[in-house]
Amino acid sequence: MAAREDDVADDKSLLVVLVETNPRYWAASEGKGDGTAAANGLSSVLEATTVFLNSFFALNQQNRAAVIAVHDDGCHYLYTSPLELNAGDASASATGKKRTKTATPSSRAAMSSPFAGALSLALCYCNRAQTLETAAGLRVRPRILCLQASQDNPTDYISMMNAIFSAQRQSIPIDAFALGEHDLPFLQQAAHITRGAYVKPTHGAGLLQYLLSTAALDMRSRSHLKLPAARGVDFRASCFCHKRPVSVGFVCSVCLSIFCERRSSCDTCGADFAADAQVTSVPSA
Amino acid sequence: MAPARDAATASTSAADGAFVAFLCALAPRELDALYASSPWSALAVLRACDSIAKQIILRLAYVDDGADARECAKWCGDGASDARALERAMARLARLRVTTALGEGEDARVVANEAFANNLRRALERGFVNLDDGDGADAREDAGVAAKVPDRATLNAYAKAKWEDLLLTLTGASNAFSRPGAKVKGRLDAQALFRAAGLTTATTAALKKGGQKRLKNAGVTAEGFAFLLQTAQEQIWVLLTQYIRDSQKTSATSAISFLLRLTFQEPGRAYAMTGVLSDTEQDVVLDLTHLGLLYTFEVKKKFYYVPTLLASGLSGGFTGDDGDTKAAAAAAEGHIIVETNYRVYAYTSSAVEMEILRLFTRADYRLPNLYVGMLTRESVQNALRAGVDAEQIVGYIRAHAHKQVRRKKPSVPSTVCDQIRLWARDMERMEAEECVLYCDFPQAGTFYGAVVSEAEKRGALLWRDDASRRLTVRASAHDEMKAVVGALKQKLDAV
Amino acid sequence: MTSVEAAYGAEGANGDDDDDDVDAEDAQRALRAWEKKYQSERAWEDLEEDPVTGRLRVTSEAQTAKARERRAKMAALATSAGAAKGMIRFTYVVVDLSRAANEEDFRPNRLSVVGQCATSFIREYFNQNPLSQLGIIVARNGVAERLTELSGSPEAHAAALRNALDASGDFSLQNTLNVARTSLKSIPSYGSREVLYIVSSLSTCDPGNVWTEIAATKAAKVRVSVVAVAAELHVSRRLTEETGGTYGVSLNADHLDDLIMAHAPPPPLPEDATKSSLVQMGFPQKKHLSKDALVVGTGGEYVCPRCSGRIDELPSQCAVCRLTLVSSPHLARSYHHLFPVAPFKEYTRDEASAKEVLECKACLALIKQTDPASKCEQCSNVFCFACDCYIHEKLHNCPHCTCEREN
């Protein structure tokens, strides 16, 4: 008997691309980090992204995308395909109208970019798309692609995790590309938890090929074709007191706040640890 | 047209979508020429593939010397079904000559067709605009032209009306297309087209005067009924395939390439014809206008054409078992509600849709905008006997489900779907086979047993009854068995 | 939202102090749970006829009232989120498998309904309390049978319960309470001790005085909650009152599920019940292991940060150095309890912007004049109501505040 209606999956998708456009980072990284995708500068990254988006639109007439620029002072939608049904052909407007924000960098030295905020925006957008599609009796399978070059900002830890968990709950995979020299623990965890792919291109010049062979995979082919295996995931948390990444930390039993050193009371919930000088560990059953 | 080839096309189209089936039927030389002709054909082929094949194309598009064949085999997941899916997609691409395998054993490589990859890259890098040198001739600036372009609703209504006329012509309920349109150059004869595509028999015209039961005796073949239940997109491809084969033009590929370009042009926008298109292409435009895929008009002695929604759906994507795509295509005109009690309500005033529903439902009431019918065993089996298969019926009522019921999953009650399938299976319950009954064996002795085992050995035994010592043997094996039984009898008698 | 609630909301909306009204209503409504069944039948009150098309539609007042109510709920959630909660819980679930569980007033019978509810509760419990542990006790034939010990693996509990679903004999409150209490005695002082009863039986068959056992339980600071499938039982009601738990009687299968699920989020922490302490924990990295590597520990994919031993799964304890190992996402799942997004204020249009069509700052949806909109007080961005709900109920991040906090 042929496939039932319930188990057919379409390859029509909604893709939200978050691309780092932080001028401070790009100005500082010019020519540095040999061999990474970021070394060739923002324009080469944008070029690859544009071709990738075009190929995404070429895959299916009903594919839709949104592009969010992650700037140093916030996030901005650069491009969105119309979400409502029958609102015009996506491919016709798929000329990849990208504009790089040229706003002068503020005096604050923000070398990292607000990816947690960008993810939150992307999730709100996906949520709206899902609501609209469900009302129309259709099913949309959104996914998110992060192109991050700068390093993680430890202060973002909680908001990043919140975003990751709601992506997981809505089964939206987050594909993460680390363009700079360093691994990005937050995005590693994001990809791991949401079953997306984490890629750190070893040949920066070939970014487009990496995008085409990983990020272009729609939800339907993901069940058949393999994503690149994660070599390892950095599960380190960042402590609440200094926002440092910690691998062994102290956890408040009341509120689960993480601290990097012993202290007499919890800053988050005010619990008093003085009476309990001995640091305990949870017995396993 | 060899019927065998027709059957082959039909069977592949079930799995691949009509467009891929059409491409598969082309000669390798024609395919190569098609891929070299324009970026549009590369894009159209990409879009028409299934999702795994699409991914393979993307991965190979920018790799000049191809990928190691063994590496490719590792792309799929661990399950056996994944490997099969990948293999199928690879085979399909090879058949379409999008990829070729080079070398053998250790050095085996999969390489993308060079012309195809070049054109695809061009399309991806330029972002679908100004891909053709002639495409820049945008006629929109001209106010006179703009005034003549119909708005979207009018255009859709025009396309739909044309297509329905065409389908009604097929069922014999309308004459719109059978009038010889000799005055207009290139106007094609729809009846001939249907006949050539094997959808109707030659005697259609003669039999068309039937009254109520015209569907059953109008000379529509089993393929014809199956055709009616397909999506408009597939129907267009079946006809276009035939059209291209029939048009004895030397440059079939240029016609195809033009068709594919059409699919990427914006519906509702005017494109200049005079002075831009070649003569062949202009002929094609006229024929397509006749079918409702294009709308043409004239301003200041220059002809312009406007693609309709029918045209833009041509290469819309993989339609194998793609419920959602079909649903989306039909989203605007979904009209059927099926209840668990097998009652079918269709909010439509279209004669074609009612005709199609009449195919497999018992018509109960007909109001100006509503058709009420009943799925009964009899009505469904009538349709099945006419050559439709159960999946097509189910697919049709699903694809045209009303907007209100489409919110539920499944949109058609599963009991109804299952029952339709059961009715279909019902018809296959009995199978007649010619056979010979062997009886009157002696009540004692090993003779009967020996004959049974000989028959079993030859796979000729259909039925046996040990108590009364009888068995039946396939008629085809009777002669052989006769000799064997004779030999056995002699042997036993000798003992 | 049901219609009567909407109607009350609409009344409240007329006054200025509608938030208080809504709260008062909330409290009252809790007492009238049995009325809920009939509420949906008054749905016509929310409908009005569209003057143009003649179709029925939900009144805009009802819509805004719903919006207000939902916002009030979110605000309530946000204020309660600050309170200290027992995040590390040790809970015994007592499932009554006496012959009363064979009653067929639930379809197909109480047993299977209770089994399903308990299984989904176990999963949700570990979802919401990543570091907590749970054990199952079944009451059957007058005795308490400890099905699973306290542990942190939801699937093991679910499987054990599935295999044990077979009811007979009497239910004994005293025996089960005794087993749970003695087992909970040995847990560390920072954990909160809880017992959740799911009782079908209308009697208890005890070997001694059940009141002394209840007193002992109270002394041991164990919080006992009871969900009754059938009807209220005085002794269990008193038990919950004594130990500070909650008591609920189910109306139907759905309600039973709601009652049981209400115990999944961490309860507010009683002042004296637990002692807070600092627990040392490790956050291992996941590293791929080559096949021929020499390993310490059980040889899994995770690496203990202190001794580099290999561990199979998280959360667990390092086999080599006994460090408690958790994955940080596990912990992070409950952080939104700690740092909730401040509730947005209703955005009211002034004269100038009354006609303007706004765009939601999160999802780019257009907000028409009649649509409810919300404004974040910190970043002063305006969001559509759908995003407001999504941000507060699921995402727990204000997208723009998150961007700005960065700097």
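Every chain is named by a letter (A, B and C) in the order it is written, and numbering of its residues begins at 1.
Here is the rule we use: contacts are C-beta pairs under 8 Å (C-beta built on N, C-alpha and C of every residue); 3 or more make two chains touch, one makes a residue touch a chain.
From a predicted model like this one, the values you see are computed outputs, not experimental measurements.
J.: For the chain pair with the highest number of C-beta contact pairs, give its two chain identifiers.
T.: A-C
J.: Which one of the chains is closest to the middle, using the mean of its C-alpha atoms?
T.: Per-chain C-alpha centroids ranked by distance to the global centroid put A first.
J.: Quick one: point me to the chain whose Cα centre is farthest from that of subunit A.
T.: B
J.: Between subunit B and subunit C, what distance separates the C-alpha centroids? Give it in angstrom.
T.: Chain centres of subunit B and subunit C, defined by C-alpha means, are spaced 52 Å apart.
J.: Could you state the distance in Å from the CA-based centre of subunit A to that of subunit C?
T.: A distance of 28 Å separates the two centres.
J.: What is the distance in Å between the mean C-alpha positions of subunit A and subunit B?
T.: 41
J.: Among the residues of subunit B, which are close enough to touch at least two other chains?
T.: There are none in subunit B.
J.: Contact residues on subunit B for subunit A in the complex?
T.: Subunit B reaches subunit A through residues 43, 46-47, 51-52, 54-55, 58-59, 61-63, 74-77, 81-82, 85-86, 123-125, 127-129, 264, 266-267, 312, 316-318, 321-325, 327-328, 331-332, 391, 398, 403, 406-412, 414, 417, 421.
J.: If you look only at subunit A, which of its residues touch subunit C in the complex?
T.: Its residues touching subunit C are 72-75, 77, 80, 106, 108, 110, 112-114, 116-118, 120-121, 123-125, 127-128, 131, 153, 155-159, 161-166, 169-170, 189, 192-193, 229-237, 246-259, 262-263, 266, 268-273, 275-276, 279-285.
J.: Can you list the residues on subunit A that touch subunit B in the complex?
T.: Result: residues 1-6, 8, 10-12, 50-51, 54-55, 57-62, 85-86, 89, 91-92, 94-96, 134-139, 208-209, 212-213, 216-218, 220-221, 223-226 of subunit A touch subunit B.
J.: So in the complex, the part of subunit C that touches subunit A is made up of which residues?
T.: Of all residues in subunit C, those touching subunit A are 84-88, 131, 133, 149-152, 187-191, 269, 274-288, 302, 305-306, 314, 316-317, 322-324, 326-329, 331-339, 360, 362-365, 386-387, 390-391, 394-407.
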